[in-house]
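First the structure, which I've put down as structure tokens, then a few questions once you've had a look.
Each chain gets a letter, A, B, C and D, in the order it is written, and its residues are counted from 1.
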Amino acid sequence: MKETFIRRMKDVALKDPILVEGLPGVGHVGKLVADHLVEELHAEKIIEIYSPHFPPQVMVKDDGTIKQVRNEIYAYKGRDGQPDLLLIVGDYQSATNEGHYELTGIFLDIAQEYGVKRIYALGGYGTGQFVDKPTVIGAANNIALVEEMKLYDVIFQENEPGGGIIGVSGLLLGLGGLRNMDAVCLMGVTSGYLVDPKSAQEVLRVLCTALKVEVGMEALQERGKEMEKIVGKLQEMEKAQFPYECGGDEDLRYIV
Amino acid sequence: MKETFIRRMKDVALKDPILVEGLPGVGHVGKLVADHLVEELHAEKIIEIYSPHFPPQVMVKDDGTIKQVRNEIYAYKGRDGQPDLLLIVGDYQSATNEGHYELTGIFLDIAQEYGVKRIYALGGYGTGQFVDKPTVIGAANNIALVEEMKLYDVIFQENEPGGGIIGVSGLLLGLGGLRNMDAVCLMGVTSGYLVDPKSAQEVLRVLCTALKVEVGMEALQERGKEMEKIVGKLQEMEKAQFPYECGGDEDLRYIV
Amino acid sequence: MKETFIRRMKDVALKDPILVEGLPGVGHVGKLVADHLVEELHAEKIIEIYSPHFPPQVMVKDDGTIKQVRNEIYAYKGRDGQPDLLLIVGDYQSATNEGHYELTGIFLDIAQEYGVKRIYALGGYGTGQFVDKPTVIGAANNIALVEEMKLYDVIFQENEPGGGIIGVSGLLLGLGGLRNMDAVCLMGVTSGYLVDPKSAQEVLRVLCTALKVEVGMEALQERGKEMEKIVGKLQEMEKAQFPYECGGDEDLRYIV
Amino acid sequence: MKETFIRRMKDVALKDPILVEGLPGVGHVGKLVADHLVEELHAEKIIEIYSPHFPPQVMVKDDGTIKQVRNEIYAYKGRDGQPDLLLIVGDYQSATNEGHYELTGIFLDIAQEYGVKRIYALGGYGTGQFVDKPTVIGAANNIALVEEMKLYDVIFQENEPGGGIIGVSGLLLGLGGLRNMDAVCLMGVTSGYLVDPKSAQEVLRVLCTALKVEVGMEALQERGKEMEKIVGKLQEMEKAQFPYECGGDEDLRYIV
């Protein structure tokens, strides 16, 4: 397997679907929200993506079986006036710079195939400090979208995030714009040190308002605790095995 | 040599062979077991694999001649009701993430060519602590295999290994599953700091029971000592030459 | 997007244009000068270059919209006896060694297409010490060019820069020479710790004399301050997110 | 320039030439010897090799002109019963693992083209300690060559170098062996901290005896001093620019 491999599991007909991306990153905020949506909406898995740009790794589940790390795309047929959705979730983002570009290109190819015109990229924005009242800051690839998002209480602050947006979330805006797709990044402000379901809840609230979708939020807290356990295990193992190495959990904070 | 190069040395006819992989990793447990099996069963080398993903290096033998680092596949024709085997051994695993994917793909191609339906990936699981009574923990790519392995005293523990399985062993399970091959990883619990023949003996015992193969275990201890010497030399050299660098021997612990 | 992507936005007819490169590097001297020239001369953007060798990142602008990181080529039709110019500017240089070679190759292809015969590569030379009186040191890919540059007060000092010239600026001289293009690197001496508009002003003065182009210098100071703010933000974010990592801002000092 | 580029400058007819490789490495021993031979024998440059696997860099010469970093192959027509030689020299070895494999493959392709049957790879073996009496240790890709080299006072010591041979020198033996070429590595024992002309002299003495070639040794000392200056400059610059980074000069010691 030298190349990224797209495994199509099901074909669905979607009408003007909106793409929502929530891969692991700062505070796992984006992942929490997207995983939650997949569960609550009972979205259907249509595509698995395997890539040599992901860590060479399988996850071990509680029953002793494994799961090859991958990204997945779920489809949701909107009911009662809700829009159709495509949701990108996964265990990891690319471990290489080049992989971010390649995988974003693949996501955009699939999005175009399904006629996506709008993208929500979800993430966290780590301040390094305890966050009292969670807020959502944003960035978008056109000014009309910036204005629209302000209506949903998304904060656009001069020079924030000052370092730009790194990883798939950023590239969906940048490369998506080159393909004339509207894309906005919603970033839950978070300390960046822990999986942050509070921050995720705020992002979810904004997203649901924007999408005109309603989902329960109760499970989010629980999901956050479980994810924290897994992330903790990963960190522990990484620390045990790379005591002198850079990297490790930092990778999780590297990316929106 | 820009590409991985497969050197086929001999063609053999095998009946439903089982694939056993034991490349260097934590405690060199997997390598110890697989090397031991090759020796004790007088298995025959059929394939050498050279790759730019391995370190750019030759090993120097006691007589002053060298050996290009590589992976090798041995074949064993089972006698007296024993199964036929393919054994993967080698000096190194890939030095790059991408290489793990590529080489695992190559191993699986060869396995499919020979009609392999079951894979045993061998490794160590480093606890960072002195291990009193060696045990073997497992993970498998389907639940029936998990149940079967429990019969051989393989321990399946919730959330262990919490960080998943990294390297070729993990990918054989994950990517093997995508090709509908049964695959189980047997991990000898070990401190992770030293070549651990005691842990290897326990893995060997489980494996032999599962395979219905019998081999002497006496030489394992001796083999462990020799390997420790080589690994020690490598570490010494690496420390001398990269005093400020990360990596080095950590690479050996990086991988199951 | 697995490959570097050249987006041609406009075709212009240029007569014997001279290529000027000023990408980020030591003290951001080269970038300051080239950005300034683009602004002051009202040069016209003709090409955008996107590459998986750049960081996987978008910049966020003050109005909340984003910009995909890229390199850009501007064209300037010389007025009143001034020469035509092609100017290379951008947010980043390649993040990989291989990318430097590839992108320089692309720049030289485009240069040849437009009939470029002479190249000015602009950069800084970091001394690690406070610089009292800014000077410009040089290197060129033929001796005649060395002699010509001495006329413009460019200093050629034995063994300076002793470590050679790294990045696109260096390769434009080296690989440009293989294509029989005259190329000189003008390096403003700078501490290397800060964006240095004073050093940039000296490089601009030398370049304008050599090009027989006149531009105002007033805005350079202001531009330097703004750039310092952005670079500061990037550093801050990088430090917050990679507290134990090497790299970060060092990358900016890595390259002329 | 995405690919390694071979620039053939001259075609020469050689009779059973012997390949001698001396690229930068531990103590710069190999480079010192090979550069010295090129000078003293007035060998003729026939090939230049440029590669994206080399650092993206030009060297600056004393007169202000530059040299793109590269590897070079020189040819020498033996006089008075001396053998014909091909000599590989250069500024750097590959900066990537994969590059070592690719470049060694290219060297071997060229060697085969010229009918090379024997290879001398030259290097240093760093002990980390002051070396009182310089000696030469060896490794070869067949036992007959080991025996022959013992006649020239080359020392073959069990388990030395314990860590194997890394870089082009090692791969010339390993990959050369796969092509049925005889290859030996001669390593001057050295502290590894400095350019070591004394160690180089010992390697040169052994090599000249083996090749039945005579050259003056006087210039070697001087050459060593000059090289030390350049290496010092490179280290200084690297330290100034990557104060927190690993790598740097260690790269020079990384490789035989």
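Convention: a contact is a pair of C-beta atoms (placed from the backbone, for glycine too) under 8 Å apart; a residue touches a chain by one contact, two chains touch by 3 or more.
A quick note: this is a predicted structure, and the numbers were derived from the prediction, not measured.
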- [ ] Averaging each chain's C-alpha atoms to get its centre, pick out the one most distant from subunit D.
- [x] A
Open item on the list: If I superpose subunit A onto subunit C using their CA atoms, what angle of rotation comes out, to the nearest 5 degrees?
Closed with: 90
Task: Interface composition of copies subunit A and subunit B: same or different, split at half - done: different
- [ ] Determine the centre-to-centre distance between subunit C and subunit D, using the mean Cα coordinates as centres, and give it in whole Å.
- [x] 35
TODO: Would you mind pulling out the distance in Å between where the CA atoms of subunit B average out and where those of subunit C do?
DONE: 50
TODO: Provide the list of subunit D residues touching at least two other chains, using ranges where the numbers run on.
DONE: 246
Task: Pairwise chain contacts, counting only pairs that touch as defined - done: A-B, A-C, B-D, C-D
Open item on the list: So in the complex, the part of subunit A that touches subunit B is made up of which residues?
Closed with: 1-2, 7, 50-60, 62-69, 95-96, 229-230, 233-234, 236-238, 240-246
TODO: Spell out the part of subunit B that touches subunit A in their complex, as residue ranges.
DONE: 94, 97-98, 100-102, 104-105, 126, 128, 138-143, 146, 156, 158-168, 170-171, 173-175, 177-178, 185, 192, 246-247, 250, 253-254
